[in-house]
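Shared between the two complexes below is chain A, which pairs with chain B and chain C, respectively.
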Partner chain A sequence: MKPLSKQIGTGMNRVDGRLKVTGAATYSAEYELPGITYAVLVGSTIAKGRLASIDTKDAERAPGVLAVITHLNAPKAPGTKPEGKDPSQPQTVGSALQVLVDDKIRFNDQPIAVVVADTLERARFAAGLVKAQYAKEAHQTNLEANRPNAFLPTQAKKNPKSPVADYQRGQADAYKTGALKLEAEYVIPTEVHHPMELQAITAHWEAPDRLTLYDKTQGTMATRRDFAKQWGLPEENVKVIATFVGGAFGNALHSWPHESAAIIAAKVVNRPVKLMLTREQMFTMVGYRPHTWQKIGMSATPDGKITAITHEAVGQTSTYEEFTESTLGQTRMMYEAPNLTTRYRLVALDIGSPIWMRGPGEATGAFALESAMDEMAHLLNLDPLEFRLRNYTEQDPERNRPWSTKFLKECYKAGADRIGWSKRQLKPGALREGDWLIGYGMGVGTFGAHRGSSKANAQLLPNGTVLLQSAVTDIGPGTGTAMTQIAADTLGLEPGKIRFEWGNSTFAQAPTQGGSAIVNSVGPAVQEACLALKDKLRELAATGNSAFAAARKEDVAFADGYLTLNGNPTARANYVDLVRQAGGTAVAVDSKPGPDGQKYSMYSFSVHFAEVRVHQLTGEVRVSKLVSCADAGTIINEKTAGNQMKGGAVGGIGMALMEHALIDDRFGRYVTKDLADYHVPVHADAPAVEVFFVNQPDPHVNALGTKGIGEIATIGVAPAIANAVFNATGKRVRELPITPDKLI
Partner chain B sequence: MNQFQYVRPTKQQAAIEAVAKDANATFIAGGTNLVDLMKRGVMTPQKLVDINRLPLAKIERENNGLRIGALALNSAVADDKLVREKQPLLALALNAGASAQLRNMATVGGNMLQRTRCPYFYDTTMPCNKREPGTGCGALEGINRMHAIFGFSDKCIAVHPSDMSVALVALDATVLVSGPKGDRRISFADFHRLPGDTPHRDTNLEPGELITAVDVPDAPFTKHVSYYKVRERASYAFALVSAAAALELDGNTIKAARLAMGGVAHKPWRLTAAEQALVGKPATEATFRQAAEVAMQGAKAFKHNAYKLKLAPNTLIQALKTATTA
Partner chain C sequence: MASEPEVPANHDENRRTFLKQSSLLTALAFVPGTVVEAAAGKLDERVAEAFEQVPLSLKVNGVRHKLKVEPRTTLLDLLRENLNLTGTKKGCDYGQCGACTVHVDGQRVNSCLSFAVMHDGKEITTIEGLADGDKLHPMQEAFVKHDGFQCGYCTPGQIMSAVACVREGHAGSEGEIREYMSGNICRCGAYTNIVAAIQEVKDGGKKV
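Our next item is the complex of A and B:
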């Protein structure tokens, strides 16, 4: 395509920034529908067993209460599935826990009743009056204790080519016979997404067979499909609106119990129902990054060539869903290792289902792989950057085919320069300032440059503006802004002339916001829709003007609302006039990934460099400098893209140093219940993150050249920090988070 | 949350009577702790007596010391010129607590009386002797990373979470209270209790007694002070361990010292023996190490808090080092 001109790359401000900072943006708990009612969930207080009895009499009699709904009186959604179906089918989409259907308790705080009242306070008060008796059964919530029961995911049993199936190239477990070898175990605790906005839904049955949901979701189409299926409705009868989503990080990639409960409640009271989770409930029923145990075996030649890697992972899932993620993917393709083995297993525990959390499995896997790379470099007495360069892959060793593009070396160089890598000493503990030990570390990240099918609708309106619509959500990355820029650039219009509308399932189909795939997928749809509009305009211009009719397509230029012709100053047509004459113009496109996905391996790459300070007496760790470099293809908006990188890096600081959801296994219940004891970084924990983009288009993913940013922003940050801590102190922490107690 | 009555008396006597007469009534000041506990059903008062209309927010000179009203805001005390000049340790400790927003609501009286952050105390489905005497201590065999290494009992191993109180106990403060039986003064060291067999009682305050002020006597600790707080993030987190150190130096010789620790016991933990170990000695790391050893005598850990046996003395040493160079 033409070199992108005016809008692409510029740090244009967010199109919805003003709405957000003035409070004018409406989130899913803020729709004040006439007759609105409020629902509060009652959760189980045991982790496993049955509800022996549930007494709702006091709650029903409480002031303002409209309904107290339990499995005993809840209407059955026609799509309710019988219990005991294959939990891996479908694995994480659409298999929401069905609530209020039976007396079975599958995890602590599982919803056992929903109370609806005329005010939130009354609903909450009445919810406290519901009394349950349980028939308890022994529960299992400890990953380590249950590791002997780990199993191969059903998906892998059925399909040996599945990404979670066992993988081998060369000889299995060849590291064991390597001359120089390393064997180490790594653990990631449960981490919870905790976006600022709590999960919330406003459910409204507009007619007995027409449902509207104002819902916190990353995919309006996916949510529509799930609940249409659950209630046996045609998809068109369910409308899902998610214009603004206050962060999600993956926890709105799934349909959850509270959504089902709110829809049931709205059916019962026959009024709109609003349901917002508490912060405490955000731990128990809307997913988390699963507690994962990993082991890496690695061998290398004395001159620093990796000869073999074995990477095993055991992740946690629930008893009713088999959640899997790509924990081992990066190990298979990042380094030239002739002998490579990966094994992925699951342990089913009596805890709610996990769900992908930013950088998902890849971030978990990268903590192990990139820590092991650092450990091996140390064994070899090699600079860890040099070690990575000696094992750099010029083509994909997993699929034996070329990369679409790979500019990771450029990222290495830029990052090393910016962090001051030359100050790093090979020997740990060599740098200090008073009581603070100083260390440097790096960690690499990668994520598939995924692109899905996406549609887009565009109309040139008689007032000269362009209206584009897509069902896609914008959970914070600035999707709406990027699409506006792409449209403005393609049409030669000012961004102010573009109105991009999103977050509504009645708009043109788009994939769920996730997997760093949105600009890759919806971007080209918007671009193609705008190109189709241009074709229309050219046709319209040609009908009224002989110069345009005779002109070659490529000689017609679009700028500032006019069509002009190269070398013919008199040929000039106004968009608006053309549209008026034609009585409006609209196009719809269906944009699909091209065939290059079969020929090339497509990935975004990142590397993160950290400088840390560790207090030698107290074990406190401060990240004093963080540089994040990305090969993410074309950068559409350096401001929002930089914002993504910085947010992801700060998330990585949380992962490295503090995030940790703790369960007391005796009760199978979380003891971390709010943001005072589940720590995420505050400003004082985050240095000014320096971001570098290679900004080289990848022509194989799409015509825009984008590859995706959201995940690689986090993947590799935690090991960069862990490696820097080792360089500062000589202490290798293999179990996150790196809290002071582990360093003193 | 349950329904409750809410009154806002303007007279101290009326406020005291309102609480003294009614076993289910309680004072509320900034509400930053009490309201959270009410939302979780941990505290269920039927009557809230809001004391914010009482004239108890002054900070003034009184008898060779500072008198800080019970309603003085944490932020106001930390920013007060007199406090910064006469008792800089107190300002440091206050600023190490919570967040700016909370300090703007929280009061001195409320801060002293904030409840423990033990997670079992906060979850009404779990056992906790402090919340519900006789149900057992959830933390004893449970997750006790944050718990006590000094002065605990088998009934409760919780720690007192306040930072401010650590400074106040080090500074020999006195709590002024007024109750149905009249006024009395309680030395800060005797204000909070050890759990013993009655962990449901955090302090020696009697029902209906209102804290009116705290007296902090003048002392020569206006320069060499430090409040060193170790936590899991750089700000806005409760202490794993904290240490308050105040020194009077003559050249490099320690003339007088005050030491206390937080995050280690059911009350702010004054270290008088360690203070004595410092007096007359040079202000060196070796001296601090000896004092820290004295300070740690009798410490005992549980399953998840053994790290405090090392972190506590190290934090104390760091506080002393920082105080020396301050």
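Our next item is the complex of A and C:
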């Protein structure tokens, strides 16, 4: 790929930065619509059973109340499927759980009523007046107790090549006969995304068959599809707007009960309805990273070559959906291991469905794999970095294909230099400063460099600016900014002349923002749309100018708003004049992944190095230094990309040291209900994170050379910290989070 | 709930009205049967209106508002739902996340943790009132330059808190900034950049 540009690779400020620092960015609960009303959900207080009766009289009589809606009086959406979706369908297709349709309780805090009033205060007060009686059934909310009931996911039964099907190369469970072996169990608890913006939706039936949703979603098209289907409407009758999304980290990859409830409520009161969840409800009904048990068996030769790995995982799902994730993917391709076995199973519990949380299953799996790598290195008395180098894969051992690109060794070197890896002692507990024990650890991450089909629309306007539109959302990475840079460079225009609009389902189709795939997918669509605009301009120039008409395509240059001809200094055409003469010009492109995905294995790679300090009396762990290095292909914007890496690392600190959503199994209800119980990293918990990018283009993913950042920023961070804690203290914590009680 | 900007407050009058209404409230409290009857007879709406609305005078971003609000309305909900100042964000309603940080008489407070009526006569500054017209406040500029945000939702609270942090004299070192900014959670994890932005403003010595 030839170097593109002036903008790509720079740290251009965000195009929406001013809106975000002035409070002018509008999120889904902030649209001022005439006649707006407020909805508050009433949740069940049992985890399983039936609603025996529900008394709404007092709530209905409360001041300002417009409607109290339960399964007894809710209008039925024609596409209602109370039991959720077909487990064989892709997970982002089909709405999860329609609520207010029957008396069945499937999890604690499941919405059983929605109260609508003219003010938020009145709706909240009235919601407290709804009284329910239940016919309770015995519930199951404990993963460990139900592990004997674990089952193979339906999609694995149907398709033995599914990423969650059992995998085998070489001999099964060969580690058991290995010369040097380890066997260990690793557990991560339920973790909750908890974006700072509470899940919120404003639903407005603009006509009996026309629905507009201002919604917190990572995919405007996916949300449109789900609710069009639920209400039996043509997709174009549902408009979804998500210009600004206040963080999501995966929890807006799915349609949730509160969205269904708000749409029903808007139908009943025939006015716009705003519904914002409480922080407590963020635990119960909008997904989480599932509690997962894992076991790794590993064997190696005395000189540090892995001979076999068996990696098993049992994850949690709900009783009404089968949620799966790629917990074991990294183990199959990261290290040379001639004998390799993976087995993935699910346990269905009476809890709301999980959903992918940043780094998703790979981050869970990497905690086990990268901890085990550290344990094996310790057994071998080898430096963990050296152990990884001895088992480095030069091609994909899972598919027996070459990597599209892999610069992980460069990342290892850069990270080791920056953290000061040479200070690390092989023997744990060897470094200290006063009462603080110091340790160093590393963890590796990888994630598929996915690219989906994406469209883009572009118009060159008579004022010389370019308008691009895409349905894609920007949940924080800076998608709008990256797309502006790609367009500016492709067209040879200043970024100020580009307007990229996003987050609206009426714009050009784009994939859901997730899986680190957006720049990979929408980036080339924007690039191709701009190239198509250039073709249009060349044609326009050729019609009125003989020099351009005679010129070869490659001799026409674009810069600073002009077309020029190589070798003909007098030939010059202004974009604006051309467009004015033509009365504007517009293009639409449909950009699809090329065939290289069949020939190469495409992955982003990362390695994280942590320096921790552990207080030997209190067990307090401080992450004093964190270096994250990534091979993510071309970096479009070093500032926003760097920020994303730093943020992913902070998420990893939470995973390693504090995040734990805890259920009281007697009641099947979360006891962590807010951010005082469920701890996430605050300023004082996060060191200044240092970031290094290899910044080498991958020519096989797309013409830009990008591979994706979002997931690898988190994958591998938690084990890096856990390994550093071991190096500091000699204590191996295999169950996250690493709280002080586990160290003293 | 009407908003009448630029009307000077008459606190005495407000207080008298409040006392009258309080008496009504007290009377109702002593005769709960009356309320029940009123509610049953669909009079609830009128009864509610009589005692639910409390007069309140606030100066928000330099603009005086004379309002009538329910005593249970938080300052946060008043700003967002009644004054349409949605720059102040709701992230938890328990004072745990800092997204709702505003300045009340120059002090940073979590606007979700206080009722609007507690701030009668006070001056509130929200993120919308920080810039000088089109000219961004130095802290806003520094957040843009250092990319001190991603999704932008905690940003107004971070910035209001950061301005106060510098004014309080608690931005003396990276460590001190981290400690005094720990009431403002950024789940995107832009902490490194937020601290850099605050340090630059502090070191730049501009008036904040």
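Just so it is clear, the second predicted complex is superposed on the first by the 730 of 744 C-alpha atoms of A that agree within 3 Å, B and C clash if a C-alpha of one lies under 4 Å from a C-alpha of the other, contacts with A are read in each partner's own complex, and residues count from 1 in each chain.
Going forward, a residue touches a chain if its C-beta (ideal position, glycine included) is under 8 Å from a C-beta of that chain, and two chains touch if they have at least 3 such contacts.
Just so we're clear, the structure is a prediction, and the values are computed from it rather than from any experiment.
The superposition on chain A brings chain B alongside chain C with room for both.
Legend: residue contacts after superposition of the two complexes on their common chain; A:615 is shown touching chain B, with no touch to chain C. In the superposition on chain A, A:676 makes contact with both chain B and chain C.
By the touch criterion defined above, A:739 lies against chain B but remains apart from chain C after alignment on the C-alpha atoms of chain A. Looking at the superposed arrangement, the partner reaching more residues of chain A, out of chain B and chain C, is C. Centres of mass aside, this uses C-alpha centres: at chain A, the angle toward chain B and chain C in the superposed model is 40 degrees, to the nearest 10. By the touch criterion defined above, A:121 lies against chain B and chain C together after alignment on the C-alpha atoms of chain A. By the touch criterion defined above, A:244 reaches chain C but does not reach chain B.
Of the two partner chains placed around the shared chain by superposition, neither chain B nor chain C is touched by A:404. Once the two complexes are overlaid on the shared chain, A:684 sits against chain B and chain C alike.
Legend: residue contacts after superposition of the two complexes on their common chain; A:459 is shown touching neither chain B nor chain C. With chain A used as the common frame, the shortest Cα distance separating chain B from chain C works out to 5 Å. Shared contact residues of chain A, touching chain B in one structure and chain C in the other: 121, 125, 676, 681-684. Taken together, the chain C residues at the contact with chain A in this complex read 1, 39-40, 42, 44-45, 47-49, 52, 70, 72-73, 77, 80-81, 84-94, 96-97, 99, 126-128, 130-131, 136, 140, 143-145, 147, 149-156, 159, 174, 177-179, 181-195.
If you check the complex, the residues on chain A that touch chain B are 45, 121, 124-125, 128, 435, 615, 617-620, 622, 657-658, 662, 664, 666-667, 669, 671-673, 676-677, 679, 681-685, 737, 739-741, 744.
Listing the residues of chain A that touch chain C in their complex gives 11, 13-14, 16-27, 29-30, 32, 38, 61-64, 119-121, 125, 193-198, 244-249, 276, 278-279, 475-478, 639-640, 642-644, 646-651, 674-676, 680-684, 686, 688-689.
Of all the residues in chain B, the ones that touch chain A in their complex are 1-3, 41, 117, 119-120, 122-123, 125-126, 138, 141-143, 145, 228, 230, 232-238, 240, 307, 310-311, 314-315, 317-318, 321.
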